[in-house]
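Two complexes are shown next, each including chain A; its partner changes from chain B in the first to chain C in the second.
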Partner chain A sequence: MSACRYDCIVVGGGHNGLTCAAYLARAGRSVLVLEAQEAVGGAARTREFAPGFRVSACAHLLHLMPGWLSRELDLPRHGLRMAAERMPTFALSAAAGVLRIDPRTHGAPAGLSGVDARAYPRYAARMNRLAAALSALLEAVPPRLGTGAWRDRLTLLRLGARLRFIGRRDLREALRIGGMCVQDLLDEHFESPLLKGALAFDAVLGTNYGPRSPGTVFTLLYRMAAGTASAHAVAQPAGGLGALCEALAAAARSAGATIRTGVPVASIVLRDDRAAGVRLETGEEFEAGCIISNADPATTFLDLLGAEHLDTGFVRRVAHLRTRGMTAKLHLALERPPRFAGLEDASPGRIVLAPSPESIECAFNHAKYGEFSTLPALEVLVPSAADPTLAPHGKHVLSAVVQYAPYRLAAGWTEHRHQFLDAILALLEAHAPGLRDSVCAAELLTPQDIETQFRIRGGHWHHAELALDQFFMVRPVPGAAQYRAPVHGLYLCGAGCHPGGGVMGVAGRNAAREVLREAA
Partner chain B sequence: MLTETEPHYRQPLLRTRFHERMRAYSQVDSFIPWSGYSTVDVFTSVEQEYFAIRNSASLYDLTPMVKYRVAGPQATRYLDRLLTRSVAKLSPGKVAYAIWCDDRGQLIDDGTVFRIAESEYRLCTAERQLDWLLDSSIGFDVEITEVTADIAALALQGPCSCSVLRAMGLQGVEVLAPFEFKHFVFGAGTAALVSRTGFTGDLGYELWVDPSEAERLWDGLMDAGRVRTIRPVGSRALNIARLEAGFLMPNVDFVSSAHTLRNGTARSALEFGLGWLVDFGKGHFTGRRALLEESRRKPLRRLAGLDVAGTKPAHNALLYSDRAGRRQIGSVTSAAWSPTCKRNLALAMLDAPHFDMGRQVWAEIYVNRELVWQRRMVPARVVERPFFAPARRRATPAGDF
Partner chain C sequence: MSEAAPVPKRSNGRDRPEAIVVGAGHNGLVAACYLARAGLRVLVLERNAYVGGAAVSRRLFRGFTYSNCSYVCSLLRTEIIRALDLPSYGLQIIPYEGGCTLMRDGGHLALYDNHDALRREIGRHSRRDAEAYDRFMRDMLRHCRFIKPLLLRAPPDPTTLRPRDLRELLYLGRHFSGLGEERMYDTLRFWTMSCADLLDEYFESEIVKAHLAGSSIIGTALGPRSPGTAYVLLHHYMGSIDGTVGAWGFARGGMGAITQALASALRANGGEIRTEASVDRILTRNGRATGVVLSGGEELHAKIVVSNLDVRRTFLESMDAADLPQEFLAQVRRFKIRGSSGKLNIALDGLPRFPAIPPGAPCIRGDMHVTDTIDMLERAYDDWKEGRWSRRPYIDMLIPTQIDPTMAPPGKHYMSVFVQYCPYHLAEGPWTEERRARFGQTVIDSIAQHSPGFRDLILHAEIRTPWEIEKEVGLTEGNIFQGELTFDQLLFNRPIPGYAQYRSPIRGLYMCGSSTHPGGGVMGAPGANSAAAILRDLRR
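Then we have the complex of A and B:
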């Protein structure tokens, strides 16, 4: 099969795999991307879920990808356009009305009054400063500890200096709140349940945590930090998230990369204890100097490579990764635009239904014991409001991220997914009367569906829970935190690596840099 | 004394099925814990027991040794990934000494692996290892069960051991080669698995039976060995014999890397000179990449056999390159006066540059003269291991002494 030899093979054409491929191809490497699905994009894909209705199948907002990445890869030239940018968040509650929170402003949210309105700017300013300091960490390749290599020392030194520069007061506050639960932090500052609910929701979105779980201030800061470099704040690409991946694929192709879809990789082939190629499920083999896996770490190491080619201690760490998703995704095809009480129209914004931190915690309680939340917390978008191409004329799509849906439902997902769908629809109906009657198709993705449809073991959209113990120098596990696997020639580039999930692309870029550095 | 009906927390040490028999022979009532069981340290006197091992026949209760059953379609692949040596090459009916390492190539434990059937093995270890064994089984179709309490075992060691077995009615046991095992039936239909293995470096066997047969096995051996002055022995006599044979004692000559806390105290398989147990050609095993890299460098330390001047055992002695004791180059892990070799023996971890046959080093030995302690700097020479290796340990058919 020497005809099929490449410098690099990227397993999986998600946004990180494509980003990695684009950077490698631009550096002159011959690159082959192998994607199992019929289209690239992975969990950042736009799919038709009902005739004429298309939706971002998993991730539905672009708010973490750094502007520099988009510029370096020239994504606008490759077709990336935003249907909506700087989208505001509307926090809705039947009791307290509407709050409008605009991204990147320190000003108090519209609809807020009294002490909270006065406290908000100070809170937002400090959190943004801490997030900005943390953002430096996100873009770096994590250093290895105890190596004595100048590169690792330099990275540590740079991070130390960065911390030093945030000043004594902020550093002390960062140390104080870093491991805290978000509800305690919010209770220190605010009174409004609705405001606290909206802010706490951001801290637990996509996680296995409730607002009272320790470490949720960290997850909030992480989300804010990852967003600081974004060019568009919270944005919705025209054509959905799939359009972003199409642009990434175009960037990779124009640099010379070959992208094949519909070709699931069965295994990574070793030769002389070095990753030397991949074998497809069809049996076809490709050779390459190095293999970069966009698949999650557990899939990469335990399924594609196989535990027998790895050391027990390493496998033990991979097996202990927390990879179970807790988040469901709902797509609705609507005959009419939804009318949310308190909002003027189906506005291009992000609607958060989390009336208080307590309500989120109550929703979380169910999930802890293997039940779905009967009153879940939701992030709702009506993508067709800003991008009419997603639905037939006059009709709409609604896309919602639903907290919480345990990976393993004690009662079984096959038997009880309808009850869950009912609970979510009832909640939506309460905020948008008449919505239920306008539903002509619905698609509900539980973590198990996400696992099978997007080939993410555990169905966690970050591939592995984002938490202090699975972050930076220990993400995904010690021994693979610099994008390099313990097997020569094998790299990771997915969300399971630092800096993690969300549609960011930095893991893909960093992995490409490591590959190029090794070969140089 | 506690009775069997006492709750477990009043009875912190378990008793093996040989306990009552051993108690009857114990003159000094010296029992010590081993892997959660009570075992005998000394029955009568260390010297008498030692000479039973070397001159006639000895019985030692092996039951507390941790035993695992490893079975399943991928048992061989599993063990080949766990152990550093090739298990695929081991045929059914054979036993192998083996070690296993962590990811960094540092020694976790040593033990023996019995290939009971095509895809069934028994792994005997010094320490409990179930968590490591189970984590190693991720991705393998294999079942691992701890069977320590399901098997009673005795070591029958010494030049007369084969004759004792034959006297007990084990026909054909003499043709059993070292590291082979076979099922035998003796007496009124008692089944025993007999392996030609041991921890003494002498002719000897280990006998594995169902716990319900334990006392019958003990009585049978004691009866059959009476004319050859068979004698139960404790751990201290065994310890001298194993040192003469050059075998490592866990927690004495090495600390499992799973138990070391301080940086730099774990030791690699190569530092123990166990490179002969490492098969780099068989495919991947845990620690392979680290050991391969280490084998390309020079090791930092080496386990060495020492012949120490004088008769005073060099227990825990620090070792120096010079008589003045200015430069420490290692330390002794095991030491004993060898009555058979008539030499003062020691095992020591030495800085690699000093690991050189015939090299002289200096041992700092403390001598207690009626509570008047004296410090002696004694010359010691790096010598080959094993210190004692009689031809009878390997001769097949086994000698009829």
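Then we have the complex of A and C:
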């Protein structure tokens, strides 16, 4: 047993777990990563869902990972290559045609005219300025409040100073819109329903909220903030998101980490009230100086550790964490390239089907009561357009994020899954005539599927809802917001921690820093 | 002064008012009282023939007195009641004895002020919730304690380096860190949560959650699942009656008793009130307020003008756009005032029966809600979003005449029925008599489901949509808070970032309505804070 002793064990080989392992290994720790699936990557894996057709399982775009992280871990050397970068967004609607929104440019989207075209540059410039100010917040380790520790105070002061120096007008605007609903913000600036729909969609993507829910301006800014540090803007790695995780794994291995796949962890073992190892489902045990869990907080604390080792107040907070997913994922294997009305060809871009904020809100209405949206809002990608290796020659894969699909469907997912699939296909067909006939295989992942396949309790791909009341100092829960669990030697590094989900890797890197700080 | 003015008494300069308050709502009166007490000559101008704004008692049907807009009292700050000695001018507030929620399936949840009875009653629905209720109330009380000292202070502007703002920010920081680490996190979360999420953390029984959630949507264009509604809930808890925090009660003689007492206090301090004096425009010269013009053309001059109107009416409708900075005007236009509530005032031939409630139970002597799940409240909100009045509205009804017999002839009763949601803009077209009647019918039908024979008791019903409230009281869109209580419109953002301290870009022009911090409800705090800002500027 002592032969199997490591400095650190990372439970779960998702992108955050791998990032964390890479940083720890580079700092000279002996690291073991244990992944339940046959391959690393978690929800950012590339999988074959039909013979010859491969697709990124949950996340299908890389737009949040900071460029410095990729450079620090030397990911290009470990095989990371982009099949497409700076991908534009095409907002489609039957009534209003096409808008092309380019990332990071402040120029008005092509296809937009009149008042909106004049208003857009100012809006985009200001939002980008606010997002840039917010990005400092995302990279910081959340401070604890009221402790008097100089480190916490310094973090708060630094963030406060950073906010102040964005200038008085921007600060006022930030404080005003920070808690607003995105629909109100967009109504203040624009008239075009299609433009508002496309921008509102980004604000609610992956959340349990609609455009009229207060706080959605914050989720929009969050997404933009994380995006400002990305090296490639909106990008698609060659080989899918799985290729990114392979590169992360390679980086970790080259620094000396051991990665084992197909080994589900059953529990975290405590000795003298500190996390001292893990037990696999096979009964095998590993000892370590510290355990870092890439699993979601609820799974980590309630399943792997056990509520009996934590105090009741903390357990109650964990149990109240909102972890239910509202987003589904659709994968289609296509015989022919899809032809979206208004678009030249199967162009490498992100297609958003959300004709207006009202239509998104309407889709959201159903989900509140445990029904799926009959006219959902979609983010569609044809990854094979930029990366032909993902499909057999001449064929294509389509990957779509579908908003909204409640975790608990009142009518039951097993019985009504095909109806939902039907509704999505009908919507796609309306925008890309002939698409339906070219489908040779389809895979629909509801939040329940995401839960079982990727071991994310609730199937929320941010592990825990991203909202103001679950952000920064209170993410995932007070008492564990600094990546450190209330149990000695146990850390969290997943999307449930600050700064949250999306393929960003910052949570993993921050967790590694905290582990190293402790040991030093 | 204009020559045509039919106010001979005010013709010599010494009697000229030093401050003119536009609008005799409760906040206008509170501000006027504080100014008069400080020795200023104050003139209050009211468009209607009666004072009170939305806190009025009106005889609209023989023998009956209606609190026809606001209907119950709790938020009115104790500090104001004491400072102005309102009880000696006839104000009496009687706490009510309970409350209940009526469920569609015939069940009910009763709220008693007797703790043991309350525990047994909640335990009837869920024993866990009976335990949780105490915890919930304790936590709410803590949030109340946190916010209470902030209500009677002008919010600091976090974007300036003025010593006063820095001092206030420091105070706020100290006040916050005084909570201790755990509570600080709880407070951070609380302020940004939805009411549904908040209640899910305490309760399992739908009826308990629905009963409590009602207060989180009253007057707002949000549903119980919208983030920020936990704060709206608190907004309804932060009042008190005779030291009992969170208690609500009836003003004896109707809500008009509050504004009547304020008017008497004002007169006793030498202030003057002119009714049927509708202000057409606020006069300015060189960026300074100089007075007002009445709709008849009469000009009244004063160095200080205090507007009790909401921010949109003050700056967009009562002033020339050319006199105001463009950016400020743009912000005023962005201020969200959304009509979402309706009201029925019903004269009843006798006390209605509610078979679900045990006979003699005191819970009908308080607020009775018709709703039974959070989902039902949320669906009612979905109707509003789509421009319909809720098909199954949230109803908050009270029969004050059980406690205060002065409001109806013997044996008869007055019922106040507050309805959420009722939109200002209907999708099917403008409000008409016929649509208003159908709205009223929806509400009466909902009540009748729980009270057989209710329809036969109705002697008279006044049906008020947001349109009627706007027309009569002058509240834009009939919004009872003079502006949504959302994050972007609270504290230093209310009403306009940079202008949250009751001052405006025009020197000598102040705001004192519910559009300003800390917002709506019959609280009086905006009026008192506004007066404090004015007196500070005058160095009095």
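Operating definition for what follows: the second predicted complex is superposed on the first by the 520 of 520 C-alpha atoms of A that agree within 3 Å, B and C clash if a C-alpha of one lies under 4 Å from a C-alpha of the other, contacts with A are read in each partner's own complex, and residues count from 1 in each chain.
The rule we apply is simple: contacts are C-beta pairs under 8 Å (C-beta built on N, C-alpha and C of every residue); 3 or more make two chains touch, one makes a residue touch a chain.
Since the model is a prediction, treat every value here as computed from it, not as a measurement.
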(message) On the A-aligned overlay, A:Thr147 touches which partner chain: chain B = first, chain C = second, or both, or neither?
(response) second
(message) Once the two complexes are aligned on chain A, which partner has more residues of chain A within touching range, chain B or chain C?
(response) C
(request) Check whether A:Arg322 is in contact with chain B, with chain C, with both or with neither, and answer first, second, both or neither. (result) second
(message) A:Leu468 in the overlay: touching chain B, chain C, both, or neither? Say first, second, both or neither.
(response) second
(message) Tell me the contact category for A:Ile177 with respect to chain B and chain C: first, second, both or neither.
(response) second
(message) Between chain B and chain C, whom does A:His418 touch in the aligned arrangement: first, second, both, or neither?
(response) neither
(request) Name the contact category of A:Arg260: first (chain B only), second (chain C only), both, or neither. (result) neither
(message) Between chain B and chain C, whom does A:Arg77 touch in the aligned arrangement: first, second, both, or neither?
(response) neither
(request) Check the residue A:Glu308 against both partner chains and state whether it touches chain B (first), chain C (second), both, or neither. (result) first
(message) Applying the document's definition of touch, where does A:Arg168 land relative to chain B and chain C: first, second, both, or neither?
(response) second
(message) Shared contact residues on chain A, chain B side and chain C side combined as an intersection?
(response) 316
(message) Applying the document's contact rule, which stretches of chain B touch chain A when the two form their complex?
(response) 77, 81-82, 102-103, 132, 135-136, 138-140, 283-284, 286-289
(message) Could you list, by residue number, the parts of chain A that touch chain B in their complex?
(response) 273, 302, 306-316, 319, 479, 486
(message) Quick check: in the complex, which residue numbers of chain A touch chain C?
(response) 144-147, 164, 168, 171-173, 175-181, 184, 188, 209, 212-215, 316, 320, 322, 361, 365, 368-369, 467-470, 473-474, 478
(message) So in the complex, the part of chain C that touches chain A is made up of which residues?
(response) 158-160, 177, 179-182, 184-186, 188-190, 192-193, 197, 200-201, 222, 225-228, 334, 336, 375, 378-379, 382, 385, 486-488, 492-493, 497-498
